[in-house]
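Below are structures written as structure tokens.
Shared between the two complexes below is chain A, which has chain B as its partner in the first and chain C in the second.
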Partner chain A sequence: MIPAILTGVRLHMKQASRNPFDLSGVIVWPILYASIAYYLLDAKHEPKLLLSASFGASVMLMWSMVVIASSGALEQQRWQGTLELVVAAPTPLTAVIGPICIGGALVGTYAIGAVLLWGAVLFDVPVHIEHPLAFALAIPAAALAVGLLGLIMASTFVLYRAAFHLGIATQYPVWIVTGLLVPLSLLPSFVRPISWLLAPTWGFRGLHEAALGGTPWPDIGMCLVLSAAYLAIGGTFLVAFEYVARARGSLRLT
Partner chain B sequence: MAVIEVENLTRRYRSRTGTFRRRTAVVEALRGVSFAVEQGELFGLLGPNGAGKTTMIKVLTTLLLPTSGSARVLGFDARREARQIRGRVGYVFGGDRGLYDRLSAYDNLRYFADLYRVPPRTRRTRIDSLLEMVELKGRERERVETYSRGMRQRLHIARGLLHDPELLFLDEPTIGLDPVGARELRDTIGTLHQAGKTILLTTHYMYEADALCQRIAVIANGSFVATGTPSDLKKVVGDNTIVEIETFGVEDEVVDRLRRIPGVRAVGVETRDQAQVLLVQSAVGADVVRALLNELSGAVTGKVITREPTLEDAYVELVRSA
Partner chain C sequence: MNTLRVVFVGGLTSYRALFNWISPWIFIPHTLGYPVFEILFFAYLGRFAGVQSDQFFLIGNAFLAIAVTGMFGMGHATAGERRSQTLAALLASPANRFAVFLGRALPSIVTGCFVAATSFTICAAVLGVHVTFSSLPGLALATVAAAFACTALGLCLGALGLRGRNVSVFADVIGACMLVVSGANVPLHLLPGWVQTISSGIPLTHGIAAARAIANGASIGSTADLLAKEALIGCIYLVAGLTMLRLFEYEGRRTASLETF
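Right after this comes the complex of A and B.
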């Protein structure tokens, strides 16, 4: 199963890199987000605030990439007739869909580098990482957790043919309830427990604490705990939904 | 030993229409089908579009659950033991779909080799030998989106054979191929069969089924209407003579009059390009040509051929009477 996962991540990233539309979005979005954050937050005088907003923008993009990769890839697999073939293979569907989601999250990690570089080159925002080791671990931990959250969502896409639209619709709600778009303190108190269950909350905190000084390890730990939980839930859902799709006959887009 | 055992298999689909007033319709794609395929056999499944051929293959490859009845593949239950079946069978379908277009042929095969758990130490040699077999060696690093239909179909065959399956399902593999490509693919299927593979083949092409299959089942409206060797099936119309008459613009009532001519057993109409071809079955020795041409005197007629029945005639007769 491990070779299938590794090859899956590599080939889905390779495939995404060959779509000019996806590629241009990945390159342009983080730069756009960083530029907006710079002007909104008056970064010249508050460089730390910009850095913090940059990490928020990076995790937002990471989530977007996971949503687009998982929902878009499943819809594409239906259209090109490969969904039935991967289901017909003896490897569990989790090892097929998981790499698509993690591949999307890994593409999203590029946003972190792009945003930091853009801020440093154009806006003279100093890039100073307080805990380099923790920061280096916070990136893959965030990618893994956000990617595996996508796995839960992707499992429903096996059932529904309108997967792409359904997936895109989840972008903003997750951005909002995880505090990436507006601070959680501005939202009703019932949102906070929801945010604790969602990986982008902890992924962002891990990056933030590691870069700006704080205690990143609990946040990185939460990313890993949530990853294990998402994997278990997503795997169970996929087995159940695959069975339902076989009963309904909804794997093919015809 | 039977590698496929199907008992009273039924598969129904539910389809919904309407946005506000939802209506549910139930379509019965397979109706109580029973059959068996022996080890090493090349078994053909013939039937018109929508007859249930692909549904049958999807149940046997575990992509669909049977609604009722049972299907056992290589001794495993298709409903409950899907994982065991999936590693032992290969599934290839015809047409443009089923490949990652933006990846190379090699990347496609590499990915499916991992999904089918081909050991890493044999993966490379296995992929190379299959590329050699389907004559794609040297083109394997090119993106699949640049491939012709024939090349894609050959790549499909290579993909289906990566894990050296005991049983191969080929769902209309030559559809859309040019005559040369189709012949090459038929040769490949024949070679695989000679190598000992059990193959279940669905096709629309009678000569393909006649040339390749040891036994054939004709399926229409979800039920098997006949099973046997190609020569068994030809006997369905064996005591008939076929008269083919090329015509243009013949009305239905004229065709009905032809059916009433003494000695005529059945009349079918096929459209070929601009022409209608009347396929008239009559008893051997009955001279019906003159009477047929008299009835068609008001219509434009072309070639008239009298010949022995073929598998296609048997198929048409079986499907029509189903």
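Right after this comes the complex of A and C.
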């Protein structure tokens, strides 16, 4: 199973990195969100806030890539008529869909470089990483956790043919409740416990703390703990939903 | 009469297929949920930054909802036909092209206006923004003008779909650029001069400016120039889109590339 997962991650990363047109979206979206944040937050005259916004915009794209990659891949397989073959293969479906989600999140990490470069060149955002080692580890930890959160969502994509549209609709709610650009203190108090359950919260905090000089290790640890939990929950959901889809004979329906 | 039938019946049928509209459980979260949370996201970002009012972001992003439905509805029309391998059959038919694609445009305009009005109402209630009753006709007029202009831009993107296979991604990027360039989320005076020049030539910019002025108490007459500019921009994109459709259809036939994925 491990080789299947590693091969899947490598394959989907290569696939997603081949098309310059698709990659332009990966670069442009976070740059635009970061630019909006720079223009608005510049009024506060706090350079560290702008660097923090860069990481927020990057994690926003990471989540988008996971949703788009997983739902898009399943939809494409439905259209190509290969989804039944994938489900019928002896390899567990988790080892097929998990890598798509993680691959999407890893492609989303391209955004970190793009946004930091954009901010430094055009907005004079100071790029100084306080804990380089922790920062280097925080990136894959965030990608893994965000990707595996996508696995839970992807399990529903097996069941519903229009899951892509529902997946897209989750982008802004997740961005809001995880405090990526807007501090949670500004939001209603019931949002905070929800944010604790969602990986982008901890992925962003890990990057933020490592770059700006805080304590990133608890956040990186939370990413790993949540990754394990998501894998267990997503794997279980996937088995259950796959069974339902097979029983209904709805796998192929486009 | 046949042209009208193509416009209305054909448009409605293709529109339902476009959205896979089989259940409100799909339609509502995708079409309404997205703009509602988008408005809230930027309104809270504005509060955090201490820049502009909730009303600024409410109007700007409600109008972006029009852009999403108008541009994607039209932009995806040809790509959807190509994907389901019906594009060649559609273009081989003797139906008037203008009628075929106008049929796709009208439901997009109606949806864009509906989505903008509904998300505006929901978010105004959540954010506590009050708009006077007398400003509603003016806001409705600005909404229609912006929806028309965005759908016309979508027609250009749809025409590109006859030649390119990744038009949805392109439309996505254009939509993203509008977050900034149209002035929906960033006051135009904060943007560089060259971006402001682009802003003045794209849909939404003037419609948003007119709507903000009307919401602040201006009359329809005093914003007539902005509304006229928005409609004029829509007309220019409409003519460009129809020209591109004709040109790219001819090129697609000549190079046998209509069904190329």
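Couple of notes before you dig in:
As a working rule, the second predicted complex is superposed on the first by the 244 of 254 C-alpha atoms of A that agree within 3 Å, B and C clash if a C-alpha of one lies under 4 Å from a C-alpha of the other, contacts with A are read in each partner's own complex, and residues count from 1 in each chain.
Heads up, the rule we're going with is that a residue touches a chain if its C-beta (ideal position, glycine included) is under 8 Å from a C-beta of that chain, and two chains touch if they have at least 3 such contacts.
It should be emphasised that the depicted structure is a prediction, and the values quoted were computed from it without experimental measurement.
In the superposed model, A:Asp22 lies in contact with chain C only, and not with chain B.
By the touch criterion stated above, A:Trp175 is placed in contact with chain C alone, chain B being left untouched. Of the two partner chains placed by the overlay, neither chain B nor chain C lies in contact with A:Ala73. Of the two partner chains placed around the shared chain by superposition, neither chain B nor chain C is touched by A:Cys101. Residue contacts after overlaying the shared chain place A:His165 against chain C, while chain B stays out of touching range. Once the two complexes are overlaid on the shared chain, A:Tyr39 sits against chain C while remaining clear of chain B. Judged by the touch definition given at the top, the superposed model places A:Leu187 against chain C, while chain B stays out of reach. In the superposition on chain A, A:Met62 contacts neither chain B nor chain C.
Of the residues of chain A, those at positions 19, 79 touch chain B in one of the two structures and chain C in the other.
Interface of chain C with chain A (complex): residues 19-20, 22-23, 26, 29-30, 33-34, 37-38, 40-42, 44-51, 83, 166, 169-170, 172-173, 176-177, 179-180, 185-186, 190-191.
Interface residues of chain A facing chain C in the complex, by the touch rule stated above, are 19, 21-22, 24-25, 28-29, 32-33, 35-37, 39-41, 43-44, 79, 161-162, 165-166, 168-169, 171-173, 175-176, 181-183, 186-187. Chain B contributes residues 13-14, 58, 61-65, 83, 86-87, 91, 93, 95, 97-103, 107, 110-112, 114-117, 120, 143, 159 to its touches with chain A in the complex. On the side of chain A, the complex with chain B involves touching residues 3-4, 7-8, 11, 14-15, 18-19, 79-82, 84-91, 96, 243, 246-249, 251.
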